[in-house]
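As written, the chain order gives the labels A, B and C, with residue 1 at the start of each chain.
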């Protein structure tokens, strides 16, 4: 929280853009326009909040070309203020560093290879034959199964579990409670009982993936479950066996994705949405929160299916009618016929 | 399970109310009217179950004023039988006590302060500079991050994770799998890739909060995520970054609350409901289970938006019509016009 | 992954069915018809994929009687190819074996009884008076509370938590992050504050149950929460206090079941469905994904209640009309009257 101050000149040298006002202005932290105080740099990403530029107490701001002259404050003008802000924040708030080495309280299986630059914390268990890449940080209480491979610079927060044989790319961020590689929900029905189907696929995760707290990703039944590069998963998402999530897709919290669904690249899926099994979703599809995708979507675009909220009484009346909607539609067709008849008789 | 017996006189001395029947009657446990056996004290909170008073085998009962004479059993008469029952149960079932001290298998970071009356179990990791208050119980496998502060008499069940810098009040109960302070879901889009936005806010939790198993609360992006006093969160709730939950609000399981939503005081939110980002919900709002709150609610009251369940065939027909509802409404308007026309012609 | 090869003759000797083609044909692994390579045995469970039999590169296939002659490949003919495949896969992919014994890094409470054939891994904590049955595997970081009883051959994956006094049958499989026995969401309202109601029931689980990653099952408030034999729960399910799930019922991911709901035997509940509290669901009921069960279901059958998805614009128009559906129905009744009137006047 006590970042060293950096100057606007320093930012543009590293990140591009140009300074208007004094380039020697220094800042220590990022903040919103409303909350900024002396020493903060704020940002404007939406023209409708432009008036906040007049009130902010920020020492400097990041703006787009259209707002280059909308304030007298020292400012950085750039093409994408939100992305620029993200980079400024990363410079002012570098990720915590962890000393290389394996804590004496960690348990490391036979034949596991842990890169000497990796950090393995207390109470971690690393399985036999696992491989932990350079610069990885495996925090307290994580369990990494036998023969798992984790690429360089990945970070597992406390309590992440990765089951045996899963393959993870570089730069993974997995938050606490994430479970990767648990058995898919597969069973056969025989003689009045369930019979478990061994789940022998893996989870294969690309590079630059982030997975939110308590999200679960099941291993494949026969083939693998696949999460491609730069996929971003929020908290408490359930990814069933043999799902494929295409590169650069972002999925908000509490979404459930059923077995063998295949989601395209560059999709955005809203919170608490659901996707049924064996469906295909094209690239560049946007799904609204709370929407069930019940059939494949072949065409890019925005989709929704949400019951609108209302006062309880109104909802009750409308919902009651909804149960007779098919009947209502039939009545309307009947009325159309009757009116046609009347009009014919009384031209 | 083998509580010492207590007399009705003992209860009213501690908790108020009055005894009818023998005040020396003793009981060892609470139970429902249906299941109660000798030695149990039962309670009646809903007049419609009054007839159960005749059949119960309880040794005593707790009733409201209106039922003071509805039974001949020894009884405590009070204003709020359900709350009274809660207190009687707390006396008969005191929370398990844990010996003060830090288990030798726990790992405590530099400069952490653990009150000598606190209990820290095996495999716990406490970060540098953290502060654990008097009477706290931190159970096995919990991870408390650097500089976290936890108020007196808080209880973390096994496997809770609190990320660095979070601030927790007194009397927190956090059940297993709870994650507090994980990164919010924040990223900027640039050049066809996601760019992570550092999440530099904290989670700040008031006094007397309870958090159910596997619930997740993300830290703020810039400002804090705030859970006020006496908030009760059930299991598997997702609270995104910069959410505020007002005091005394209770939220049932599986609810998802998107970023920067602000929920008022004294609200009650049903299970699996969803709340979109940046919305405001007033005080004393009740949201039905399975309802998406898609716009701000400015007025106290009960709200719902649930698709009614029916037999699969009926649902299919009604849902199909729902996709043509706008068209149906247009047809009805058209029919209204045509009938007006006919009526004019045939007065 | 390097299973020893087994012959078709070996399978039919153990599992029944009959071989057509060379019974000495050996296979090492199971696969789908599409992905199978030399050394794999594939299976056909749905006649509509029959044409794949011509293209597969599998060394052998499992088929039903109707497809006995649909291929020239070496094949096993049986009554239930999917169940047969499950058994073949179990023979080719036996569950990992774990050496009996308690890891020196485990902490075992006073009076706990761990069967000498059980495996207890590093960082496990077993409470006082707990009983762990023969052949159990308790993986790293699990916490088993005081006086918990776990039946023979149960398997707890890393990080499972079982609270005190819970009773678990034989052959449980609990995946990582499962929480069994956390407090139910019970409180009384008094004087503007919540009062916790001690949750003094247990969770009681039958034999042959599987529980998916991060699923939570709360203990009962007064009586027990009960999961009967052969119940299969997917990931991230929330089971509230005093719920009963009947034998052989299967529940898909992300389902929320509110307090005291009672679900029958042989039910199948789709993903992200919800079940309100105190409801009864009969045996052999099927609930569609994303459906809220808002009232008891007394009759076997399939039920649904899902808002259909559509393009965002269409959804918006239809949803807007849905808020006026009751009004629309009234208009239609009005039109019916007016037309009756017109018809009377103009016969």
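Quick note on the criterion: contacts are C-beta pairs under 8 Å (C-beta built on N, C-alpha and C of every residue); 3 or more make two chains touch, one makes a residue touch a chain.
A quick note: this is a predicted structure, and the numbers were derived from the prediction, not measured.
With contact taken as defined at the outset, subunit A and subunit B are each touched by C.
Where subunit A touches subunit C, under half of the residue numbers in use are shared by the two copies, so each contributes mostly different positions.
With centres defined as mean CA coordinates, subunit C is found 26 Å away from subunit A. For subunit C, the set of residues that touch two or more other chains comprises 105, 123, 141, 159, 177, 214, 236, 254, 272, 306-308, 310, 320, 322, 324-325, 328, 332, 335, 339, 342, 346. Those residues of subunit B whose C-beta lies close enough to touch subunit C in the complex are 1, 29-32, 35, 80, 82-83, 85-87, 89-90, 93, 95-96, 103, 105, 121-123, 139-141, 157-159, 173, 175-177, 208, 210, 212-214, 230, 232, 234-236, 248, 250, 252-254, 271-272, 289-290, 306-312, 315-316, 319-320, 322-326, 328-329, 332, 335-336, 339, 342-343, 346. Contact residues on subunit B toward subunit A in their complex (touch as defined above): 105, 107, 123, 125, 141, 143, 159, 161, 163-165, 177, 179, 182-183, 185, 187-190, 192-198, 200, 214, 216, 218, 222-223, 236, 238, 240, 254, 256, 258, 272, 274, 276, 286-288, 291-295, 301-308, 310, 314, 317-318, 320-322, 324-325, 328, 331-332, 335, 338-339, 342, 345-346.
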